[in-house]
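What follows is a set of structures for review.
Two complexes follow with chain A in common, the first pairing it with chain B and the second with chain C.
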Partner chain A sequence: MTAVESGPAAGTQSGSHSGVGRFLGQSVKRREDARLVTGHGRYLEDVLWPDAAHVAFLRSPVARGRITTLDVSAAAALPGVRAVLTGAELNPLAKSFWQTAMGKDSPQPPRRLLAADDVRYAGEPIAMVLADSRYLAEDALELIDLDIDAQPAVVSDHRGVWGAAKDEELVHPEYGSNVASTLPYPGMPTENPALEEVLSSAAHVFEERFHQHRYICVPMETRGLQARWDPARDMLEIVSSTQNVHEVRSMVARLLGLSDLQVQARAEDVGGAFGLKCFVDKEELAVAAAAYSQQCAVAWIEDRNENLVAGGHSRTEDLTVTMATDADGKILGIKGHHVEDVGAYPTYGVGGNAGLAMMMLPGPYDVGQYFYSAEAVFSNTCGMTPYRGPFLMETVAREQLVDIAAAKLGIDPLEFRRRNMITPEQLPFSTPTGLVLETITPIETLDQAAEIIGYEDFRREQAAAREEGRILGIGFASYIEGSPAFGAAGAEQVTVRMDMAGKALVFMGSGSHGQSVETTMAQVVAEELGIDIDDVRIIQGDTTSAPYGTGTAGSRTATTFGGAARIAGQKLKEKILAVAAVALEASPDDLEVSDGVVSVKGTPGAAVTIEQVAAMAYAGHTMLPPEMEPGLEAKHRIRNPPLMFSNACHAAIVEIDRDTGAVDIKRYVVSEDCGNMINPMVVEGQITGGVVQGIGGVFYEHFVYDGDGNPLTTTFLDYLLPTAADVPDIEIGHVVTPSNTPGGFKPMGEGGAICSPPALINAVRDALAPFGGLPNVQPLTPEVVLDVIDGTAAV
Partner chain B sequence: MTDPHPITMTVNGQERSAIVEPRKTLADVLREDMRLTGTHLACEHGVCGACTVLLDGEAVRSCLVFGVQADGAEVTTVEGIAPAPGELSDVQAAFRDCHGLQCGFCTPGFVVSIHAFLEKNPSPSEEEIRSGLSGNLCRCTGYTGIVNAVRQVVRERAGGAPAGSPPNGEQPTEGPPTQGVPTIAGHAVTTLPSAP
Partner chain C sequence: MKPAPFTYEAPTTLAEAVDVLGRYGDEAKVLAGGQSLVPVLALRLARFEALVDLNRVDELAYVREDDGAVVIGAMTRQATVEADPLVARSVPVLAEATRLIGHFQIRNRGTLGGSIAHGDPAAEYPAVVTALDATVTVAGPGGQRQIAATDLYDGPMTSTLSDDEILAAVSFPVWGPGSGFAVREMARREGDFATAGTVVGVTVADGKISRAAISLFGMGPVPLRARAAEAHLVGADASGLDLTEVGAAAVADVDPPSDVHASGRYRTRVASRLVARALESALQEANR
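The block that comes next holds the complex of A and B.
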């Protein structure tokens, strides 16, 4: 175990072991890797059907306008082109268009597969060509005659002047307003008088508006889907690059008015997603609809330009936080106002993450009085989609304000945090938004991060460096990672089936796209069953074999699938013992399983192999007691809390080049508590990957529109991802406090991306403190940094 | 102008022929005509490096080379890197050892690039490692595992350790990762298990 037992709940975990075993808690090497490092992975584009028609979409070149000419006849006549479909043909096929997690009746913009009559964002698909190859399909696009009468676009700019103010120009006339949604929801209190009282009487009140720019998922494998309608089998067969095959099936079935039984969805290896592939968007649905209407196989692999321009966008928001403290820096109340740009067609409902940001803004602090309001607005830009830590703005804003307030009060930022963090004695702690935090350890992770990075030593080094004219800074940020598991997402099932040879097939509705699920879940099951990990195989990503599930997203796989796998394994082990007890003429209570052998405790000679037990459970069923069902299969569908929590503290040290404004991240430390770790190597990989996405977001990545809604960052030459040369080694420490759910696991996976932006910005703010304030802008380009150093920063 | 051309290449040691349009990229020729799908396309404009192959021993982005340009050339793809089927090269094994991959989509490009990089610079400095990797993009790992994989290969090659490793089923033989890791104030401080 790479960790210490710590915190108030240490030692309270129920069950037979503490989370460390033969496989659990070990950095078991990944079972996915041998195929992936040799080029034998099977991603969607590797398994395209030979007879599939390849799709290229004609996309809108402007953000808003009326289509005056759309003539596809020349394209359709090109040899090798099978069909060219427009909204006129395709849109009537759409019987129903809503995401399962949102429900049928949630408000959303008017949905359509292809733009018809007008266009509402640059990149909106207008027509689709089906041809013998992608090359030919793109040739045909050139032959489509398209004219658009461009109209003024509603585009938010990057300083928080939101386009929604221009209500005479509606993104969706049918919706009646550019305001997509607001908080408080109808029926909720519209103010908190006690908070207003605190704000008017407190010794200190701090208020800042923080901005977060548009940055996006960008998995290395783009989106894609192939579909084949076979009327003879009455089956629409789909292979998709998705986090959630069941949602693909449900969306397509609803769209086309088919039953779930008429649609099979599968995923092969999935090359990353980060939230982009947990819902199903219009291009994927258009491909399925085309396969259905043309009665053939159709395939679409998104190219990088499409992915950047139209693959779903994220962040793009402002959060104003007002915080009252007493004279000693004790927080008395917090108010938040959140404004989000959800684009034209957010992939789910009306988009927006304010509902969860509202719950999480208090974070790891005891904040006293609280109120939150929000407004999400449509714009003529690519729609919002979830990206790792979708509601992270709460942490991005809060942790910056904490540093700003501490500096103004003359209190060390770590001391300010310690004074206000929820203490072990306060657990279980009920937050102002009704969350109950049972096993969090914010102070422990803060202290560990400070120790690892050497906070006190750094302050001395920093002072000396400033004497030499060097610009060094340190930043911390703390957070609670809230993992929502609402509805079906909190009730995942794992089925363990042991056939007559004694090997375990494990079926689950997960959708691994890099999370190492084939390894980690095998660790859980092998541990419970007492068999070798090589005798366990995980089966996922197929609606015809997996139990119904919601896929891999929201940091939930360990807590939901892992917990279910543990209990399903326990149930199967009980059955194995019951069958073995018959064979050994012993009580099941006197038996133990180890290394694939069931033996009588204390009498190693009295033993049968699991394989013998399995054979007896099926073929020898006449020997079993009459009340015992033959076979070896067990399932468990877990019932988890709707929100589960982990916590962490990040710390970064940066040095800024006075001449170029470049920020060098000299060290980056994470201390986290995700409960029992199934595989510490995988945990650390998830954290590291998330942190670097935060580094990208803060310093490099920015999806830019001009004032007319034209996308400007349409290739990897313009939309810059961090490279190995831009990032440091990430140093990680663990505090382990098991959760109260099966296995003691906690959600993790998104946290690296949630907490790194404010830690990095705080480090830059600290470095630049001698030069005056850092404006609340992102990204922190060299230009922004140099403006501060040169004293010309615009606030 | 678009008439298909016959081409012949030596791919992973085997002579392969195809008849391809002049505009077809080497990546697509390898993937579609040779059915070698380990070479991945993630940007198709030469930035991400996922499609890297060796063309006459030089690492190239196969999305920026036309198939007809490779006529007569020797091409090595990720499928041809391992010493034998069922084995892993030292770089491939190091990726597995160091958690140098998550989704794995960028991995073939990294593996091929690193083989070429270490061929030219067998003992790179830390800065040279990171610089050498900067032509390939990974979105999952944050690069720490990949950098550690290169460090491991450099160490192994310097020590004459054998290349190749069994691909499946081998569990780590070392003890729990806490053994030997430093602690601060009673807290285990860990880095990835194979970090130096």
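The block that comes next holds the complex of A and C.
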């Protein structure tokens, strides 16, 4: 059942199982690329309406304070300015303000479109200028008279030093506390007595607090939205750079008290998102509200400075993990305590990822007893938003503690993992949090990663290098990627429509922003229908044509949309055969479809083309049996499990410059098992992109606030993204164990970002072992590393 | 991130440029490659009534030999400097330093004069001219004058040029036989401004160091010369030097800044090691 391939960049899967066909399982070149890499992509900026008023936001220069003066009259008088709106005008338009996935009754901070009376983070929008151009709008901003009486800000996060949750200074006085949420939820047990017993009696107990700094999505295309209220049509038309057009429609309709029928939303090409565009935040809603209130077209494209300061922030958390083992290093129990900084206005609910981190902390291990607690706190900083692998702290912390414990026990870190990993014999395995793991392969992927990177050889090379004074290290990390598909997200629909020319239009509620959806989903449908991939076109990102859906997020596209596409394709194929059976006077069971031709098995001369079948299905309906509905269209709305899983192991080799502390990543290996791959090249591209984000997070990217809540890394001069020069070749091996969902696909879009941080940190920790311990800080700047080498760590 | 309104002036000769600039005084800014100025304008961190664009002043783009020196026009693109055979032969450390400036796209547009006039204390070119004792020619309403590179800066991104002067050319003295050079920098990423860096030049005659220059960048408000360490080197035997000691001497009196990328303490430590590495490399080159 399981096919194992070693070696990087496998071109296709082996043909020994059902996952491979003419198109499925093949590294079909991305159909999107011809336009995207030649400058013919069409982004929001490319489709701005010529009559749209351009928006610039006046943003708070301080983290917390009372607005004492806000006079926009001079700005409003500037020629070319159409309007200057403040919270006083705009906020009353907001009838209802909540994200669909959270529901209207979930707790959340008091929402507002624009700051009124006070400000709660640096960058919070206070007023919006609508002008003939963005230039003029920014000129007008300078004419706004704003005074703020600054107050002490509640700020946390810098190198693990938390100063948050000062309850005498409330981020949201209306909320009554700076604690946004806690785990266990009220009514759940507040401890696990069996775990406490294990911790007090185990041979070894290890406890570490790991810190993860603030780093953020940074898509190439920033957020943006244009909206036009057309009273004659009773319609608000929206174009947005989004992962989820239906959520744009729902949010705007709810906000303005319109019906879903009065709002249309669509997306063009979306230049990346990484989670930032799952939800709809205040700036986008303010633009829609302005279009509605001013009865005109309004456009806003976030600039890079806004994107960094106010586009939604991520990570920013501590996770303390306590682990008990027996004398041989067998894990007996794990306890986690998670503290997250969700900023002032997390985009969804009260933010926080602890609920999912709690489910995933045990990872690919049989951990015995378990307990998890958490606290999310508000601060006067930009709110939390999802970023690829939002709950990855569970893997970041666990995989570091595994290495630390193994080192203290004198056990090889790979051996420690093998002793504790869930074995094939244990499957299906029920985790302490009630997840049922059916098809995971943690030991196989660990072994494959070790083989590709040459673990034993490296240890010899490392020993020799240390003799020469060189500093080399290797790090591994393993994880289970859990893809949440709760509620509507687990029930996506695909509709396949074949018109009279016999070509397939595929309608989906997905929102591709770099996932190759136009390629992979066409592979699935072409495979099922027996037609050429060029005769399939994917239509998505438009509420007027797509089935209702929740967009592309959470690594669900292959499993939910792919599964639905497969079944919808099968249904349509059945219909094609039924119609062809009439034409060929044969039984549908005796027919086959290949290369766009339906023929009688064994009698190739008795055949009709799909085009002929399609023409008959519509125009020749009088020939069809009375019980058969004319036309060629099929749909399927899938029902997927609420969580689906894949697994992988990452391994990194680093070399450190002992004079500067600079880290050079010499090798990077991934072994993954995402089940049947629709397109191995796309799988590898997803992994590579995620790993690059992990490299950025560990070594370069850090959004920094000073102690007063002033953002310090407001341009790319200071917020450092990894470039091609900082990234090694990513070598990828595949283990293929199909899942039990239609198609045998598994979720894998976020794993590269989830597992790379601990693999890289573990490699640095291993390299620095001769110099003493690496402190549990992030990012690993050259200074942090050099302080370990020189024995000069700051207190 | 859209600049405030400005008037755009595009002279085609140096004389015309000086004339136009003189009309605005400190209300105008000279635009060369724009790699630093344009982002600053877009962020509205600075604003000017006018930009005087030198990109059409062809007479300012050249590399030539002149009386034992290599003279480079201010509007010569960094990519041109990087590839120029005369520079490679006569001022090799200038070519070496050029490769550390940004990325090739930036060097295609960025100019030698723009970088030197802008005077970012963490940039490579100001440190090169400081180390090599280059001379800058500036043109103003009263004609041209020369400024020694070591007198060019009086603060971060502040030069001693008057508001009505344009940096026209830079003259790099060609050091004699037996000379060697090196540039070393620590940057967070390939192409970034240096966290700390150094340019070193030495001349060795009969086994002894006869001339030494060490400049530091990213280490203070302006590019610095490590005079004490240089004095320590001149007259010393080229072999058997304690490079670590020279490195330590080079940073003994500096007080580098701290920022989000590194503390001053880190910069000091790394700069001393970079000086040692650069000196080792320069001495090897001098002895070839």
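The rule is short, and it goes like this: the second predicted complex is superposed on the first by the 769 of 795 C-alpha atoms of A that agree within 3 Å, B and C clash if a C-alpha of one lies under 4 Å from a C-alpha of the other, contacts with A are read in each partner's own complex, and residues count from 1 in each chain.
One rule holds in what follows: a residue touches a chain if its C-beta (ideal position, glycine included) is under 8 Å from a C-beta of that chain, and two chains touch if they have at least 3 such contacts.
Just so it is clear, the model here is predicted, and its values are computed rather than measured.
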Partner chain(s) touched by A:A327 [first = chain B, second = chain C, both, neither]: neither
First (chain B), second (chain C), both or neither touched by A:H702: second
Contacts of A:L786 with chain B and chain C, given as first, second, both or neither: second
Residues of chain A touched, compared between chain B and chain C (which is higher): B
Partner chain(s) touched by A:G689 [first = chain B, second = chain C, both, neither]: first
Touched partner set for A:G272, first chain B, second chain C, both or neither: first
First, second, both or neither for A:V28, with chain B first and chain C second: first
Chain B versus chain C as contact partner of A:A232, first or second or both or neither: neither
Touched partner set for A:R304, first chain B, second chain C, both or neither: both
Partner chain in contact with A:T715 - chain B first, chain C second, else both or neither: both
Overlap of the chain B and chain C footprints on chain A, listed as residue numbers: 135, 303-304, 715, 717, 723, 725-726
Complex contact set, residues of chain C against chain A: 1-5, 39, 43-44, 103, 186, 188-193, 195, 259-263, 266, 269-270, 273-274, 277
Sites on chain A touched by chain C in the complex: 133-135, 138-139, 142, 303-305, 659-662, 700, 702, 704, 712-713, 715, 717-718, 720, 722-723, 725-726, 781-783, 786, 790
Of chain A, residues touching chain B in the complex: 1-4, 6, 20, 25-34, 36-43, 45-46, 135, 218-222, 269-272, 274, 303-304, 447-448, 451-452, 513-516, 533-534, 671, 680-682, 684-686, 688-693, 715-717, 721, 723-727, 729-735, 752
Partner chain A, residues of chain B touching it in the complex: 21, 23-24, 31, 36-45, 47-48, 50, 77-79, 81-82, 88, 92, 95-97, 99, 101-108, 111, 129-131, 133-147, 167-172, 176-178, 181, 183-193, 195
